[in-house]
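Two complexes come next, and they have one chain in common, chain A, joined by chain B in the first and chain C in the second.
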Partner chain A sequence: MADRYVELKSVSKSYGGVPALTAVDFRCEPGRVHAILGENGAGKSTLMKLLAGVIQPDAGTISIGGQTVRFSSPREAAEQGTVCMFQELSLMPHLSVGDNIVLAAPRTRMGMIERSVYREAREALDLVGAKSIPLGARVSGLSLSERQLVEIAKAVFRKPKLLILDEATSALTSELVETVFGVLRMLKEQGVAILFISHRMHEVDAIADRISVFRNGRHIETFDVGARTTDEIVGLMIGRSLEELFPPRRAPVPDTAPVVLNVSNVSWAGQLVDVSLAARAGEIVGLGGLDAQGQQQIMHAVFGVLRGVTGRITLNGRRLNGLRPPRVKQSDIGLALVPEDRKTEGLIPSMSVAQNMRLAVLGRAPFGLLDLDGSSEARLQELIERLALSYGSLDDPIATLSGGNQQKVVLAKWLVLSPKCLLLMDPTRGIDLPTKAQIYRLLTDLAAEGMAVILQSTDYEELIHLCDRVYVFYRGSVAKELTGDHLSADALIAASMNVHLHAGGQA
Partner chain B sequence: MMTWLRQNARETIAALALVILFAGYIAIHPRGFSTYVVTIWSNQGTLLGLAAIAQFFVVLVKGIDLSVGSIIALTNVMGSFLLNGSPTSIALGMVVVLTVGVACGLVNGIAVVYGGVQPIVTTLATGGIFGGIALLLRPTPGGSIDETMSDALTYAVAGIPVSAVILVIVLVVLLMLLRRTAVGLGLYAIGSSEQSAYMTGLRVNRLKLVAYGSSGFVAALAGTYVSMVTLTGDPNIAPSYTLNSIAAVVLGGVALSGGVGSPLGAVIGALILKTISSLMFFSGLPPLAQPFFEGLILATAIALGALGVFRVRSRLELYR
Partner chain C sequence: MTDATERTVTSRWLNRDRVSVLLIALGCVALLLGGSLLYPGFLKPGYILQQLQIAAFLGIIATGAMLVILLGEIDLSVPWTITGTAIVVISASGSSNPLIANLAIPLGLCLGIAVGLLNAIGVAVFRVPAMVWTLAVNAMLLGAAVFYTGNSRPNGEVPWLATLAATGRTFGIPNAFLVWLVVAAITIWVLKRTVYGNYLYALGNSRRAVFLAGARVRLVIVATFVLAGVFSSFGAILLLGYTNQAYQGMGDPYLMPVISAVVIGGTSIQGGRGNYIGTFAGAIFITLLSSILSVMQMPPAAREMIFGAIILVMLLVHGLTNKKEGI
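Our next item is the complex of A and B:
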């Protein structure tokens, strides 16, 4: 087992002449968690895809335990023990959780799948902390974080020898991340080699033994965890020293600032219970809590996605109840929502960058005609510069952009409408540090210009450093409102689990 | 039981609609509930039911098959040449007919999988070819089919139509294969998300060929059964089977977007269609008005299936 190391020797890969990996030497060993760090476009995903058999190298060799291998499909890689859990989820939405897991490695007797395999699938789910997800549930009905857990369970179920996790925990709350890490440590003990990609530094610190930094398709450096400070690592990743990730704290918004969004006593379908919150002009208001405690639903309720919402929602004094997205985005109301899943809700993958950016503004033009005076085109151009969007051509398909740049396009498409209130659902999920920093600065600037910003986030750091106020959700209602000095990681975690009301807490 | 009903709401609603329509049909039929009436109904239903199952396999993997009717017509015509004589030659004829069906399905599958051609375009073209061959083989309906075999397969035993038994056996076998084998689940998987299935390590191309091949096989069963019921080979039956098979899978809750539905649903859809047209025949309505009412009942049945939309609390669900 000890000799089952994975080694890449001067591996190169390019897409249409653009190099993605250049002469990479890399090695990872059994029984260790090896973190791969780098900006978007540094070549991490390409590395993973090579190892998982999705793509093949143009030059160089990949070997496992000294034996050169060449995988022509994920199936061949999996047969050799390499299992990859990609950021783009690999679950079949219409199938049950059990079928999804079992299909990864079905064991059959006389052609029929053995029932005992489903028991093992159950055990894998329990192991990763997904006890509450029934085997028979359809994947399409699960939340993003539940899907990630299923995905992890599916990978564990296949008993990999090399396990690759690409942003595997991006939608998970800290408690679940801890459970998953427990499983990873156990696999490590069993001699599994684990490659771990994450943008969350503290997660890398918590789980990894070694760190490799990639930049511009090259392997820059590999070192043991603790050998370098976070600042040094970030410096290696971007090739220069990064100023503070978060912009300097703003002066508190005065109580005299007008309230823009006012939500009072809103309930919906048992998932929202008597929620009241408010956001003033110039404020960044955070929504935190464990996963699926109602933070997402309140955003949908405000944006007019939900039916049968009771209570009162107003924006600048105008009642929003009963109005739907095409109405609330009009300039007299001025609401915008950056959705949770940019691939399915934020963007139309088959359309170009430019088309995606113009989508939101279309409904505003009279009779749906394209905007003739070019004022929004000018604004778009301005936004592209402000967001420092990097792209080949605006006519390229949106899928050619990196995740961070895709998110910038989602932001641009809404900001071109000059909203008065901006709702953001986990906008920095799976995005590299420099892009995060840019988005943070943008949000701060927007607030300074008088916009009311509502930021739902799974990242505690974000809530603490960026927000004036944070509403912590628990079981569909606001468990606590944290401001000023009370806004700390400990307080957030405590409030998320509602430990003040229920001794012992519920995770 | 309740959760099963909820998870298969579309099949359940379709089954309810079928029961109501069937009751109506029996009520207005001059001979009422009798072995004779039920056998005729069952035979007709089995024909379309098999066609619908053939369509189901292709729709399951996100395709649509415009050649189902043509494969039925071709195998029916071939049956009119081969399904007579000694038991050995009939058995041999069966093998040939079924092989031709599978081959037709595989031709479609290969064009779709390896040629990268859209299923609707592929099957439009191949449908013309298959139907054309049938027409060349037998320009006018005719031929001979072993009557003993026909009688055995189209009458009733102890009040139960043989066709119903055949249909139930086919359904049970298919449901087992689809739900309990890796290949069956794999078909649902690639229909649900081809990319995810590939990343999971499934043999996507091979599975798609299995779907198209199975479709051809079941279409050949349908063609054979047409021979048994009509005792002739008729090259002109293709269009009605193709269109009705698509209508049947939709009625039976099979999603045209792939990955959802079952052969049971497809068969229920087919039986609904058959019952509606029989109902029309005995309704006493003027023949010219019948298509209008037939369409109206069909529309109502589809609307019933879509009622779930009103229970959706988050509008986002409507666009998933």
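Our next item is the complex of A and C:
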């Protein structure tokens, strides 16, 4: 058991002539958490797919415990104890949580699933801290972070020997991340080898024993955690420092600046309770808190996605209650929403870059005809340059772009409408550092131009370094508003768990 | 490297839509050549023009079906929308009241609009799967038609305009085909150049993303089903002019060929992909195939089996190419 290490020797893989991995030597040992760091396109995902048997190397060998192996399918890799959690969630939405977990590795007796395995599924869920999720709940009714917990429980249930987590914590709040890390530490004690991919440096610091940095498909360096500073690691990854990630602090927005978005006493279906908040022109206002405390719903309520919202929502004095998305995006109101899930809500993956960019501006075309004078085309071209979008051809499917560039397209889609108020739902989730830095700079610039920016985020660093004010949500209402010096990681976490205030109310 | 670039350039030009159209055009030529082995008359212009005339009826009805399929839905109410329209038009045209008689064709189109609205309400408002809802609407239309005609052939007159449009010729070219060309040109323009067309493709791919982009999703769905109803009725009026009579079940043999024409033309049955030229060629292909099968004295039951098999094969082929593209 102890020598069940995984080793790659001079492994290369290329796609259609483009090298994804070049002569990589890599080794990970049981009972250790090994973090893989690198920008998008550095070869991390390719490495994972090789280990999981999704793809086969062009050259070189993969061995487990000294035995050369060649997986021709993920199933064979799974039989060897390799369990993989990819970025994309792979749960079946209409099945129950229990079925999703059990079907990952069904144990059958004469073709029937044994009942006892559901008890094990329950144990797996409890283990990852998802005690509140019933086995019978439908996955479609769960929030994104609950689904991610189920996904992790599914991996634990399969009793892995090599567990690969590819951005598996990206949708979780810090509190849940801590729970998951507890599980990982326990698995580690049991001798499981864990490969951990994340863009969040503090998570890597918290959990990993060793770190390997990849850049441009090459294995740059491997070292123990603590052997290098964060700045040095970032330097290895991208060749620039962490201070450059966030733009310099802006001067506070004066109280005399006009209030753009005003939400007062808004409630909805028990999930929003008496929420009031405001955003001035030029402000970046953060919405934080644990997952699914109402931050997402308030965004949807403002954008007109929800029906039956009570209370008052105004934008530049205009009442928005009851108006639907096609109305609120018109130029006289000027709202825009970057949704939470890029792949299903923000974009249409099978359509081209250009088609995706035009998706929002279309509704404004005169007489229902496309762009007679080409003015919005010109504006789109400007935005492509401003966002430094890198793409092959505008006619390529958007799925061919990296996650960061896809998010830029979602932004461009809305910015072409010149909105007065921009709602962003976790816009930098799963995006590499340089693109994050670009998006942060863009948001700061937009605020400087007088736009009111509402940023809902699960990343505390983002809320602290980028926002003027942060509203922390708890159980559907605003538990605390943090400004200026009060805006710190500790304060955010305390407010998220509602340490000071009485529970926000039962609906 | 240059090799890879060249390959991407070729693959970009030879995208799936173009390959489908190319294949189907080759299929038409193969059918004509194969048919000419059986009957030398197949390659004569007279025969080809006649086939184009018959293809026009199918093609116009398939236009509506294609819009609905692009949306990711399906319209199974086509057969009795056709029969119903034919009955309404022939009865109204035979009316002793001259006003009603003159309004026979608009009345027929109104029936198509009404059926389309009914379909749209079920799909867009009540969110019933289109396959079930439109099938139920089809059954209701059948019942209404039988109830109205008392299960006998409806009497009346065929409007002269319908006869002229369906059977007349201009410079030797069948009017029906010319009408179809106009319909085709407008459809291509609408799909490419209007907001409706662009949102239609987008909706077929992802309803949620389009909704969150602030599009009027319901309006697009309603418009699509109404257009489908209108195209079915329009086709029915031409068909009425061609057959010079209306009868129970005159629309029944159209459902499978219409869907076959759309699917053969490369439109994805899941919606969001396809172009009208494919449907155009698909309608011609189905018409030629049908003609050859009848020349070979294949019974109608066998023809239905062949159309069904074609749809299945096309779905398999498209399913495989989708997998290869990893979508």
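We adopt the following convention: the second predicted complex is superposed on the first by the 495 of 507 C-alpha atoms of A that agree within 3 Å, B and C clash if a C-alpha of one lies under 4 Å from a C-alpha of the other, contacts with A are read in each partner's own complex, and residues count from 1 in each chain.
The working rule: a contact is a pair of C-beta atoms (placed from the backbone, for glycine too) under 8 Å apart; a residue touches a chain by one contact, two chains touch by 3 or more.
Note that the structure is a prediction, hence the values are computed from the model and not measured.
Undergrad: Clash or fit: how do chain B and chain C relate after the overlay on chain A?
TA: clash
Undergrad: Touch test for A:395: chain B only (first), chain C only (second), both, or neither?
TA: Second partner only.
Undergrad: Quick check on the superposed pair: does A:103 touch chain B, chain C, both, or neither? Answer first, second, both or neither.
TA: first
Undergrad: Is A:359 contacted by the first partner chain B, the second partner chain C, both or neither?
TA: After superposing on A, A:359 lies in contact with chain C but is clear of chain B.
Undergrad: Tell me the contact category for A:305 with respect to chain B and chain C: first, second, both or neither.
TA: Both chain B and chain C are touched by A:305.
Undergrad: Would you check which partner chain A:140 touches, where first means chain B only, second means chain C only, and both and neither mean what they say?
TA: Touch partner of A:140: chain B, not chain C.
Undergrad: First (chain B), second (chain C), both or neither: which does A:350 touch?
TA: Second partner only.
Undergrad: Pick one for A:319: touches chain B only (first), chain C only (second), both, or neither.
TA: After superposition on chain A, A:319 lies in contact with neither partner.
Undergrad: Hey, which part of chain B ends up inside chain C in the overlay, 115-123, 169-177 or 187-195?
TA: 115-123
Undergrad: Taking the contacts chain A makes with chain B in one complex and with chain C in the other, which residues are shared?
TA: 305, 345
Undergrad: Once bound in the complex, which stretches of chain A touch chain C?
TA: Checking each residue of chain A against chain C gives 16-18, 303, 305, 325-326, 328-329, 337, 339, 344-351, 355, 358-360, 362-363, 365, 368-370, 393, 395, 397, 399, 413.
Undergrad: For the complex, give me every residue of chain B touching chain A.
TA: 3, 7, 176, 180-182, 185-186, 188-189, 191-193, 195-203, 255, 259-260, 312-316, 320
Undergrad: Residue numbers of chain C touching chain A in their complex, please.
TA: So the residues of chain C in touch with chain A come to 1, 3-4, 7, 12, 193-196, 198-199, 201-202, 205-206, 208-216, 272-273, 327.
Undergrad: Write out the stretch or stretches of chain A touching chain B in their complex.
TA: 54, 73-75, 77-79, 84, 86, 88-95, 99-100, 102-104, 106, 108, 111-113, 136, 138, 140, 154, 268-269, 297, 300, 304-308, 324, 345
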